[in-house]
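Every chain is named by a letter (A, B, C, D, E and F) in the order it is written, and numbering of its residues begins at 1.
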């Protein structure tokens, strides 16, 4: 049996949802979403610790771990039909083997029709995560919405093609994803340099730096991005690096870059994506508990997952949603 | 003599204001406001530590503890006429006795004409706080403005009617406050469930979830809420749970919920309430110093208190206030 | 079904041992020891947080949570025959109800012949823990070895008979335990005062203050204490308050008193007790994770439990043990 | 040779730029900007620790320390032509001597035509920093833009004219700077009192308190301030106290005042100033690493420096800059 | 009136003892000991923060702040006859003025016959502390027992004669104390260099490095030192730098040096000194709360003070004390 | 040129010793010891972070970083003849490549006659460290003294032969070191299991578990071990895992095991080894700054290095050393 449980610590599931084994589709036959842990930090270029991310994200909640979370805003329970397949065993000292094993698991889940939701781990895992989905849905059929302070389009770093600064390049170069269906939100700072930016432009990527977001507004940028994402693609992969938020909101991460989104902005954006777009895969990455305080970053990542799950559930319900409606005016 | 001082630590007063004894009205004959500590965390459902809240809030300031704080924005000294009655002795292992004793103290202070300002402690204390005020002003004569991430309208929790998730229900069910004069600001997340939300709607409560606040703007929501609060009521009780703010601004709390208000938003809202409405009682709750960092949350709570006191002082002065006026253009 | 799981967080067991339900003896028919969590901090007089102690102690290990821990020193696996019954639901705001419910569970476990091992929680729980054992084995038939910086023999504190400063008095006054079979190790500091010390002397208690331990040596004191403990008693209850250790070794606790034992001393002492004496019940208390750093105190408490379990297992094996034997000279 | 290196720790330079010696202009003949450390916290009125500010700000980056930082937003490398002269030796126990020595260094750098950029240290250093620049450019020829929660216009504090609450008064009283070319941004809270505010008004200072900024918008305030700053002055000194940001964004500081700017707002404002105005000197102060968490405040200060350097470089390049332009649309 | 209270924070006294004013001997006519705060960290060569030492040491206790602490070991209440004169105002930016003002206060207290007990502050203050005592008792009439990792016999440091690395040299060079009545305990590490060691040897100092203490035993070293201290001197000044303890026991300090005493060793040594020698003055220094965790170092310093006070009280009682006596065998 | 500097952060050297390039023996022709950083944590089984160990150990000192450290105890300057070759670039995501590159560097240094002193990094590096030395001195000619809580003799872990739990097995299995010249000090806890212990016994290893050390004394154990180490070997490799110390002394590490040595014990033992034995290589590993507090563990590791360097320098001087000699009695 391949279920690994939590690699670092006891075998807990995301907020108490049922366990399953990704190699045994019968254990999650009615799943909408399957959670998978990727406790890997061998690809990070700076502060490690994301190997403890999956366990921290699964547990960071003050409510009972009972597999139920009715959303106040959306009036659905996002945890219905969610299973947790435990962690993929990933040795941080062997990035190549680790990403290979992870892609196999993601692909297997996707092949059953369930949406894989991977808890990182450093951003290295976005390569196998999105590639595993594309392996099933077809090369170039999945667009990417990528929240991050960094473009993650580096080439060779530390002498390796595999690392947390390069997954997006690998995805495009391998043909798994189309560069011109790559939407990046929240970039800022001082990396990468001109050469890489030129490569990105050549691929047709669309990257919203914080300056543009500040001037135009996040919602306008998202609306524009949604149209690109839906153009001749069958689904959207959502990759959320918590460092897209300002370090005040997400201190527990490896490469914090001041000047990011607020937690409120990120939660609202994730909700919109899940409600409005056909999400076929997702990961939440770069939560590093050793650098966190009072579990701030783990709580945030847990809520990013819940917003996505709640949004997907609401989308399945099908009726329109009015964000201006008072809470107690009913559904 | 009943003055207890600081239950946990030496007997200090809020920023150096004079001591008083709540059982001896002569010790605070000219008081506008009397501060009272409620060092109780026996009602919290998750991370404790709010028993150290009163002492932390009293001390969290880098300026001299001299009983004077001239407000830059409002050009009044909010500490004039403020006394500190010390803590009510509250044993966290006996919630029922503790809330009883607290209500007695709050009522006694209210009966003298002074406004009680209670420093929590967990939110359990809102029941005796507001009930003690209503006990004097009359059942249903006090409206409630309640800043919080959570509705706090649970019924029985952990086998008890008394706890930090239930005070608002107790206040309404007991008749002390009217459900349709209950204004909640900042709710979000995944609690409570549909049954409780239905109960809340039936009471006529008005709860502004963060989504609505985001879409409509906080100021518009407040203006609407103010009108309800003033409708056939004689005064307003203001209950501020610091977790209404995003955990980035208030990490030192028991049940942090990402996606909240900024500190700036909360301070501005509290100021507006104190300037525009007849506040007859207030509490600031859920500051948990063990989970704080660099006193961030204690500083914030201290400033929430000062904004309220400054606003009340400005309201007593009576002349209009223009927030757009440059600081150095005088009073 | 009464198994509660972990009250604060997911349902994990001590290092992965099997789950059981204390109300269903069939679920732990072959148990030597049953672990029980007591997540209660309503009785603490100062820093709270021990409600998170049981979960922290269960998880504080860097090895696989696989229900097996072969001891290097004793060459036995202390986790064989160990079950975890989860937590007793304890509302910190109701100490009286909480201790009642805990005693019921401890008694039920003892009645099956298994040894209850309770993870606190504050020291309030020693009353129901030892009383629950004595309820089965008979009043006065169980002696007590009590590691602590504090005597815990207070009378009324905060207006209550129930709290973490009074369990030992309750045990003696109720007749559950004999005062002259009460062995205290590690006392120091400035509490209690003369009146209580006189009461303690009158009960015939034997309290080893750190000064005596320093002058005579811990081993000599223990040897003397063991003789008293075995005199006309049928078993020993071992109560370990982590604050018996110096705060350098156990910072995460509520009432730290400098000048205590080293971790090495405590671990050696606990091992000796488990190997040499018939332990019939045990608790490990006062681990307060919010005040811990890098899990130091949780790790220590986890190892205190393991030393006790390993020692009991070695005692069951029956052959003599030579602490001077080189590690690799075999069993 | 007078280069001191890092006073507290090894001799590192700001992100790897070349070393120089401020007494030897030949060592920085082609410099646009010279970084200087002022590791002094003897003037702080509350939490110290800013002596470790310069070293922390120099190192707080997860990218290679290679003396190059291409800005995503501005498409220039702000570190070209930047040198680091190390720290001025400043004994925190002798404020008078320390500020004298610092001013000598700042003046020497300014006299070569390079822009001095001083890393504090507490805000005491703004006096010698700006006075050293004015010493070369002429009394009254330099305007001041001052980001801060506090006016820093106190008179005697702790019996001294020199301290972190008084530099702005010293600058004006000494005639180095004109009071009516003093622009303060971000003031709030409860200091100073009416007497000092009156003095400030008499000097013609223009202070934007957070309330005005909230009502009018930061950009409108800045535009207004820029016009004043350029009126009959030859250059602008930019003094950034990190406590202008909300404590959520800058916890590692000595006198945190809730309700401040976000990191994003500060970074955008600094960029605008550097692009639009002739900056002739700058300091970044009040970073106190002992109170920081996960280097949040050091990272922020590092980026404030980089935004200024990048903006100055872009200004030197001369072509207009459109903040709404998409990142990948090229330069 | 000169009483300053707590310079940083509210006016609290050491564990609740009565307030007094050192300039008004009538306010402490019956004092055995007067506590004085010296909140100065302008003399430290590395991590600051000791300015918050006095307030932290005064408050670091989990028992009621009621001015009473009966010692378990010594069966006396060390707080009888103890007053707290508050802090001397000390500006960390002016070391020369600060030490002058402190010496004046210490001398005034000594002149009344009370023993001054100064809470630092960095070790700079040992100069005025011991000099203030010698000023009254006579040059060369007071011996010094000095617990420290460092000799503190530097000459000029940072261009200043006044600092925390030089007080012992100043005391000897000024003639206040005799070099050959200087007993140092706990030195270790890599400072000072040979030149200073030679100077120390020339003064006839006796310095017990940790190696010698390890080989000979602390008690033997102390016995030897006591004989020297009593030889032709009238009293002993006891100066305790908490860094004499291993950083595990005292992390909250400025210049931690691994390999020090345990807390237990220090407490026992201080007790012996207070019981066996005529202590005429004392200070406890180098507690730096910003670097502390869970108040470990503040608790330790508080207990160092209490052990000294209890020992002095026991010495005043006059009857012999047997450390091997069981706790409950009475007084 | 191959010198890499500090992989994570600016290029600093150990306490300011001269830089060198290990590929260019001319840059360290007169070296006694060459420091090398191994910033690798890809092999750790639990808490990562040791990649920041080398930089932290190099900087953890409050004295000037001037390349000089006269030892109080040994009266030599251990930094004379010490060079720092910077870090070997090690990608934590590729353990196999990383250990290969490290061994090459260690071997190159050894071949010049200098002693390599490697700063870890996790304990994975002991394999290339000792193998690199043996590669030059000959298989089986180097004995090993290994301080650790863990035996590090695992076989395959996480599917890999390379990791921090297996270096000692690799060294023996490869023939680089003889199993019967392997001396382990400080083992304890619950790992490894019987099978591995049997393998260890078969190799003739000698492992001193803490129980034996407690009963027999550390010095007696060391004396016995020294004799084995010198028997038919030409030199000793000293490998110090900081977790051999109790977590109180070394909290910043990956797999803390309570009940270890004190810092004093470790420092004394390292000094004895360096003075009494021919050390031909050394590493200090498992310092994980993210889990450290107030730099405790980094300070300890820095002093372990300095004790070794000082001891080697004293050994080179050749005259006998008397630890009981008073400090000021001269050399």
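One rule holds in what follows: a residue touches a chain if its C-beta (ideal position, glycine included) is under 8 Å from a C-beta of that chain, and two chains touch if they have at least 3 such contacts.
Heads up on the chains, UniProt names are A, B, C, D, E, F = Agmatinase.
From a predicted model like this one, the values you see are computed outputs, not experimental measurements.
By the document's definition of touch, common neighbours of chain C (Agmatinase) and chain E (Agmatinase) comprise B, F.
Chains making contact with chain A (Agmatinase) as well as with chain F (Agmatinase): C, D. The mean-CA centres of chain B (Agmatinase) and chain D (Agmatinase) are about 38 angstrom from one another, to the nearest whole unit.
Note: centroid distance chain A (Agmatinase) to chain E (Agmatinase), computed from Cα atoms, is 56 Å.
Among all residues of chain C (Agmatinase), those that touch two or more other chains are 46-47, 246, 248-249, 262, 291, 293.
Screening every pair of chains for touch gives A-B, A-C, A-D, A-F, B-C, B-D, B-E, C-E, C-F, D-E, D-F, E-F. Taken in their complex, chain A (Agmatinase) has these residues touching chain B (Agmatinase): 62-63, 69-73, 75, 246, 248-249, 262-264, 267-268, 293-296, 299-300, 303, 306, 323-330. Chain E (Agmatinase) contributes residues 45-47, 187-191, 193-194, 197, 200-201, 205-212, 214-216, 246-249, 251-252, 254-260, 262, 291-293 to its touches with chain F (Agmatinase) in the complex.
If you check the complex, the residues on chain B (Agmatinase) that touch chain E (Agmatinase) are 9-13, 16, 58-59, 65. Chain E (Agmatinase) contributes residues 8, 41-44, 46-49, 51-52, 89, 91-98, 124, 158-160, 162-163, 290-291 to its touches with chain D (Agmatinase) in the complex.
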